[in-house]
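Going in written order, the chains are labelled A, B, C, D, E and F, and every chain counts its residues from 1.
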Amino acid sequence: MLLRHMAVTAVLLGAFAVFGTALVALTENDTRDLIAQNEREALRRKLNEVIPKNEYDNSITTDTVQVVSKPLLGSAKPITVYRARKQGEPVAAVITTVAPDGYTGAITLLVAVRYQDEAIMGVRVIHHRETPGLGDWIDSERSDWIGHFTGHSLSDPNELGWRVTKDGGIFDQFTGATITPRAVVKAVHNSLKYFSAHKDELFQSGVAAKDAAGVDHGTE
Amino acid sequence: MIIAIIALSVLAVAFGLTLGYAAIRFKVEGDPLVDRIDALLPQTQCGQCGFPGCRPYAEAIAGGNADINQCPPGGEATIMALADLLDRDPKPLNPENGQEKSKTVAIIDEMRCIGCTLCIQACPVDAIVGAAKHMHTVIAEECTGCNLCVPPCPVDCIDMAPVKQNILAWKWPYPEQKAAGRTT
Amino acid sequence: MAQNNFATIARDGLWNNNPALVQILGLCPLLAVTNTTINGIGLGVATMMTLVVSNGIISLIRNWVTPEIRLPVFVLVIACIVTVIELAMNAYFHELYNLLGIFIALIVTNCNIIARAESFASRNPLLPALFDGLMMGTGFLLVLVALGAMREMIGSGTLFANAHLMFGESARALTIRLGDYHGMLLAILPPGAFIGLGLLIALKNAIDRRRAERKAVPAVAVAAPEPHTA
Amino acid sequence: MPLTTSTSPHAKGHASVTAVMLQVLLALIPGVAAYVWFFGWGVVINITIAATAAVAAESAMLIIRKRPVRQYLGDCSALVTAVLLGMALPPLSPWWLTVIGVIFAIVVAKQLYGGLGFNPFNPAMVGYVVLLVSFPVEMTSWLPISTFSSYDMSFLETAAFIFGGQLPPGITYDALTEATPLDTLKNNLGQGNTVAEIRAQLGLDDVTSLLLSVIPIFGTIGGKGWEWVNAGFLLGGLWLIYRKIIGWQIPVAMLGAMALISGAFALYDPGHHASPLFHLFSGSVMLGAFFIATDPVTAAASPTGRLVYGAGIGIFVYVIRVWGGYPDSIAFSVLLMNMVVPIIDNHFKPRVFGHGRK
Amino acid sequence: MTEYVLILISTILVNNFVLTKFLGLCPFMGVSRKLETAIGMGLATTFVLTLSSVCSYLADTYLLAPLGLEYLRTITFILVIAAVVQFTEMVIHKTSPVLYQVLGIFLPLITTNCAVLGVALLNVKQEYGFMESAVYGFGASVGFTLVLVLFAAMRERITASDVPLSFRGPPIALITAGLMALAFMGFTGLIRE
Amino acid sequence: MIGAIRRQLWTFHGGVHPVQHKHVSTQSPIRRPRLPQRIVLPLHQHIGEPAEVVVKVGDHVLKGQMIAHATGYVSAPVHASTSGKVVDIGEAPIPHPSGLSASCIVIEPDGEDRWIEHSPVENYREIAPSALRNIIREAGIVGLGGAGFPSYIKLNPGHHKMVKTLVLNGVECEPFITCDDMLMRERADMIRGGIEIIRHALQAEECLIAIEDNKTAAFESMRKAVAGMDKVEVVQVPTLYPQGSEKQLVRVLTGKEVPRDGLCLNVGVVCVNVGTAAAVHRAIHLGEPLISRIVTITGGAVGQPCNLEVLIGTPMNELLSQCDGDISRIERMIMGGPMMGFALHRSDLPVIKTTNCVLAATVTDLPPARPVMPCIRCGACADACPVNLLPQQLYWHSKTKDLDKVQEYDLFDCIECGACSYVCPSNIPLVQYFRYAKGDIWTREREKEKSELARKRHESRQKRLEREKAEREAKRQQKKSALDATGMAEKGQEEAAAALQRAETRRDAALREAEKRRGEGWQEGTKDDASRTRESERDSN
């Protein structure tokens, strides 16, 4: 009795599982490529916000390298750098850097730096938890503040200029919120420093290297 | 895809086996809930709830086939107790079932009673005594005031009288709030 | 309990027994995604589709399942449907899918769906079951939209922001800005969700009471829901 | 000839709700006076706007709910709510900010629960927090104290700003406002400065440095006039305790808890933790301890329960101030402990006469 | 060790599952009329949630990931959860009839608690390891229990209040939950990730 | 106080200081009023079982004759308070908060006021305490401090319990009341006599006589009276309401707390009222049963407030008119004090054994209740409660009729002293809520028992019906087989079918009937007032 009952329930449940899974698996089969493509597209759209489409011709979403630099990139975890090339020549690197000292936590940024003159091509915030209405003006959907970085480089302005106005720099803070912009400015500045120090290594595809500062390069 | 199906069906079969086992092994007999609900009902056995007595109503509530607001003799107090037991929101007494009234007790006009025993058959708690062709009496302490004996009486000799107020049973009323200070 | 009267089913789903306003089920997605109207519509439609399909399937299989595996089977069925919908959304509305996050997967545990399966679909034939799913789903969707619109307008001063995620680029024009108003952030923050839904339900109660009073005018005023705290 | 009946006791003391509320308002006067002295007319205007809005909102709700307006308005509890909220807002808040806050406090936090006596959350603090999360910009811009400010606004100028958003010519909003001492402390600690450096940066104003020579503890502890405001509220609070309007348990437990924790941390690492005196005399601590945490409706009922409740508020204030995202947190702490009140009430009952001693 | 403490504080206070993440709301609203039942529900959920968080982590890492079947997560997780619930019920039934009396009726409800599936899915999303998943699940359920119990106690008090008729019951409960969420916003920034 | 060593006193939590109003009724000595036209003697003037009538209508009775005897352990007899004719035995209005009537014996005085033969005890020290107690019982003595508990029970410490202290309660903490005060001033020697007897009965080591410090005359008089007695001390206690409550008083005097559900006896104390002691003296030394007591007649509506020695059963309005009372000015008429007394529904009710005061209050004495506001949880009530309860929580839960919760907050420890209501700024009738809740709990317990009984009877009836049915079935089977045997099965089957048919129609009819009744019968009942008020409240919401 017990065994029979167990068998019946097991078979019933198993049957439903088989049918259900088959259905799901079929759907997955059909949508797999589309989803992968969607994901690539989405990433590319994001990247294109900081680096115009026509500037590069490589498969930027797959031409990546993972690096670690706690002091300059704000995170102890590996950080992805997307490499843009045109006809094989390095054009720019897009660094997913982290500003660890936002008001309510870390802010994740995309910083595109041109290879040639080490100037910024664009910056976007991709993740933040700053106070809505106060710190979230860094979001490009809320204001174009983040666009002001474009064109600046390590030398323009100089070291002292890479601050918010309140601290004597050239970047505005927002009314009632200084900490957030301060964190972002610092993170962008640091990304520039990182790029300038490692730009060649970054573009040596497939080469894993370790430098004195504990920077750990490696392809994915 | 085959892997997917195999993986999941294995999981499901294993699960089904356990459940089948559990279902037999841990069968719960009876429903203790019914007893607990029944204990909260006034046991008037009047049938106003739409069920033939309190216990059937309790079973209906436990089975999800009746709401908790159908017992007029129990009134607000019973509804609240049920809501509390079943963790539901209390609601007002369903007017279709009747209204909460003050307690009554049956009184047989002994002059008119013809001793037909119809009321004895109707009384759910055997609160009426008397032999055939002899006058009947209601044992007041045992009468629940359910009214079931009234309709069968062929000579209309049964009256429902309100339970008499006396000093020993008197209790302080719920404070009425002066209109202005009503805090409801 | 089987009511095969379609009008009743419709009235129940849309108003009298509305899943969100009366049964207070499926709250997680309801509150989590309604900071914009479009999110609400997206999740509402997904939920509705799941409800219809799951009600249908469960009504079909209702005579085969033994009681002890009823719940697991229902859950399994629902999970499969949701996964299919999830994959489809990921494929065709990718950005919306990303915005709604885990709440699409969580349709599986949307208490509405299992509740309808338990209390209606497993006791009724296919057609009423499908219709019930549709109506309950619509009722839920309407509340999602109402709450989403309310929160979005008060909270960020827009309506139908991100419409393009659902209806394509041409729909960008749908987005409405309420002038200079920048919004009272509370509405799009978690507390605003709870309070907003509370106000919606209160509004429904008030309407119901008003109607009941009208109906009851000639007779003695019939009991409006009187709490036990007389 | 039937006589009128009533239930015992037939005699009645003289206490009334109105009298209680009026005494609370009276006790606020020293604090408010200090506030106006240091922060200008904005405070008065805020309170006036708040009071008007509160009376209007309360009357409207009472009419909708068909309650006797005169009687309930006469209890003056709405005024207390309004005054406390009006005082908690930055002195240059635009009028609509105050109005929205008051409406939220009276309508949602109080009347939807049934009005006086039924609200589980402190209405004024609900109003304040709603504003804080909804309009962070407006809510975080404080005036420096008038003696320290670059520009002293007159009554009319203040009113013009509050009602019309017009600043006196040549003055910018940013120049008028600045972070509160708590804010400054928090931000600077975040940047790695030590307490001593920050205090040097805060500086002393004329009045306080004068007084500093007389009463040595004042002037540098809470920063720029704040300690005077706090001292005013402390005075009013002590009077309330003396009048038995409030019990001593909540203020003592709250201030005690804050002093203990901040003392421990200040001893452990004085470089990065401000002294207990700073914590007790900055922000709205005294207002909170004597007037807000003690709101009888939303506080715990029993004496021991009140000790727990007060201590809870003190702990939350310190934790959020030091590690949280908000520079001051009386409002949040009070609301958080309001949530715990029913549980506290269930667990802390006084020992009833004749019951075994625990 | 610190990271576990941080996860705990984060899940219990800062990112409370119910009040900021919107998970597990139906039981939060449905089983909070009475304090005792709320405590029972909280205990049951804590147990199941922690266990299923771990189990679904195991299923994901050792079954789905190696086979490349990530898309079956939802289905697998819900099956695992159902199994865990059933298993818990069996164990409790066998070992402690008293506890079963208290928790028994709540167990089936937990299967459809979003929080349980939510934890499993969030573990994957946040790439948590074994211990982290366990702590995350535990913290989440403690956070759930905490607010559930506080909420139930408040609701008991509110039932006695003179709430306007249209607001009686769910509306005022939701508003109360909203004000609780508001109070919990005070914890914002306590943990900086 | 001169020379007296100040005794250490303890305190209890809370308490209030209501305005006293005592001096007005202590200006003149105790008087005797005129013999009334009618004497109404309720059978139930005490705690416990009502007494049982032993006379008939038309009987002539003498003053002090027992006319109703005690039934059961906790009960007390009733005596005729004057000589005359029994004219009625039946329901009559009595002083009770309900305003209801109860069984009474009505006597028409013959004007002679002739005593039954007195049989005083010559030397009480020579008779056994139990015999002494029996005399006290037969004399109908109950506590005169307010509760009316038969005193002889209190004088029986039981086998194991030792009584260390006898406390004489002369505290009289209620405003307006001065009957004990006057008694102590004028009849201290009677109290002394009572003390001796009670001490003897209890074998108590010491005796403390507690008097509040606002009654200095009584204090001095008592000190003089007990001077020279061994281990008897008159103790002055600070004025504080409700210090007269025995548990609080025992705490103040001895520092001991009577445990919950316990009696003073548990801490070795017995507490009696000074009036009770005087009554004991009279019973033993003079052989007079309890037929009169001292009653304070006071209040703004009384021209000459005073204390009267009143025959039990005298209508109160007659007393008022003898003190220049103006009934038309009475706003509320209260038996007892303004804190614990209850309002009377009419002015012609008889004085009973527990009537210590008739307060004919005008609007200025007791202003009408102010409108009730919501509780602001200010805790003033908890601060005032002498039992250290949380009245605000008790109120909250009694208001919602959460009977389990009120008991968790120790409702039954409340002594209904009214201190909480007195201080409440919101004018909430707290005590009434507590009384209501207590009554509700008792009623529900009674109902529970009743419904349990009904269930049992229903079940046994159900079983009986089933058994009968089974028996009938068995009989039918028997018959059938008998028929079968004789080849008449067909007819039997027909018969059975017909019977079944009949049964079915009957059942259908019954069901229809039930249906019909549900449709109409139940709704015609008139709505009672409670539901009507509830509805009107609903409307205005």
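Keep this in mind: a residue touches a chain if its C-beta (ideal position, glycine included) is under 8 Å from a C-beta of that chain, and two chains touch if they have at least 3 such contacts.
As the structure is a prediction and not an experimental result, all values here were calculated from the model.
Colleague: Name, by label, each chain that touches both members of the pair chain A and chain E.
Modeller: B, C, D
Colleague: Which chains make contact with chain B and with chain D at once?
Modeller: Output, common partners of chain B and chain D: A, C, E, F.
Colleague: Taking each chain's centre as the mean of its CA atoms, which one is farthest from the centre of chain D?
Modeller: Computed centres place B farthest from chain D.
Colleague: Which chain is the middle one, judged by CA centres?
Modeller: E
Colleague: Counting only C-alpha atoms to place each centre, which chain is farthest from chain C?
Modeller: It is F whose centre lies farthest from that of chain C.
Colleague: Have a look at B-F versus A-B and report the one with more C-beta pairs in contact.
Modeller: B-F
Colleague: Just curious, how far off is chain C from chain A if you go by their C-alpha centres, in Å?
Modeller: From the centre of chain A to the centre of chain C is 35 Å.
Colleague: Let me have the rounded angstrom distance from the C-alpha centre of chain A over to the C-alpha centre of chain F, please.
Modeller: About 83 Å, centre to centre.
Colleague: From the C-alpha centre of chain D to that of chain F, how far is it in Å?
Modeller: Using C-alpha averages as centres, the distance is 50 Å.
Colleague: Where in chain D do residues touch two or more other chains at once?
Modeller: In chain D, residues 7, 65, 71, 108, 114-115, 117-118, 130, 133-136, 325 touch at least two other chains, as defined above.
Colleague: Quick one: which residues in chain C touch 2 or more of the other chains?
Modeller: Within chain C, residues 66, 68-69, 72, 76, 79-80, 83, 87, 185-186, 189, 191, 195, 223-230 contact more than one other chain.
Colleague: Two-or-more-chain contact residues of chain A, please, as numbers and ranges.
Modeller: Counting only residues that touch two or more other chains, chain A contributes 8-9, 12-13, 16-17, 20-21, 24, 28, 103-104, 131-133.
Colleague: For chain D, which residues are in contact with chain F within the complex?
Modeller: Spelled out, the residues of chain D in touch with chain F are 1-13, 15-17, 19-20, 65-66, 71-72, 75, 77, 114-118, 244, 247, 296-297, 299, 301-303, 345, 349-356.
Colleague: Taking the complex as given, what residues does chain C use to touch chain E?
Modeller: 24-29, 31-32, 71-72, 75-76, 79-80, 82-83, 86-87, 102, 105-106, 108-111, 114, 186, 189-195, 197-199, 201-203, 205-206, 209, 224-225, 227-229
Colleague: What residues on chain F touch chain E, complex-wise?
Modeller: 374, 396-397, 399-400, 402, 541
Colleague: Provide the residue numbers of chain A that touch chain C in the complex, in ascending order.
Modeller: 8-9, 12-13, 16-17, 20-21, 23-24, 27-28, 31, 34-35, 38-39, 41-42, 132-133
Colleague: Which stretch or stretches of chain A touch chain E in the complex?
Modeller: Counting only chain A, the residues touching chain E are 17, 20-21, 24, 28, 100, 102-106, 129, 131.
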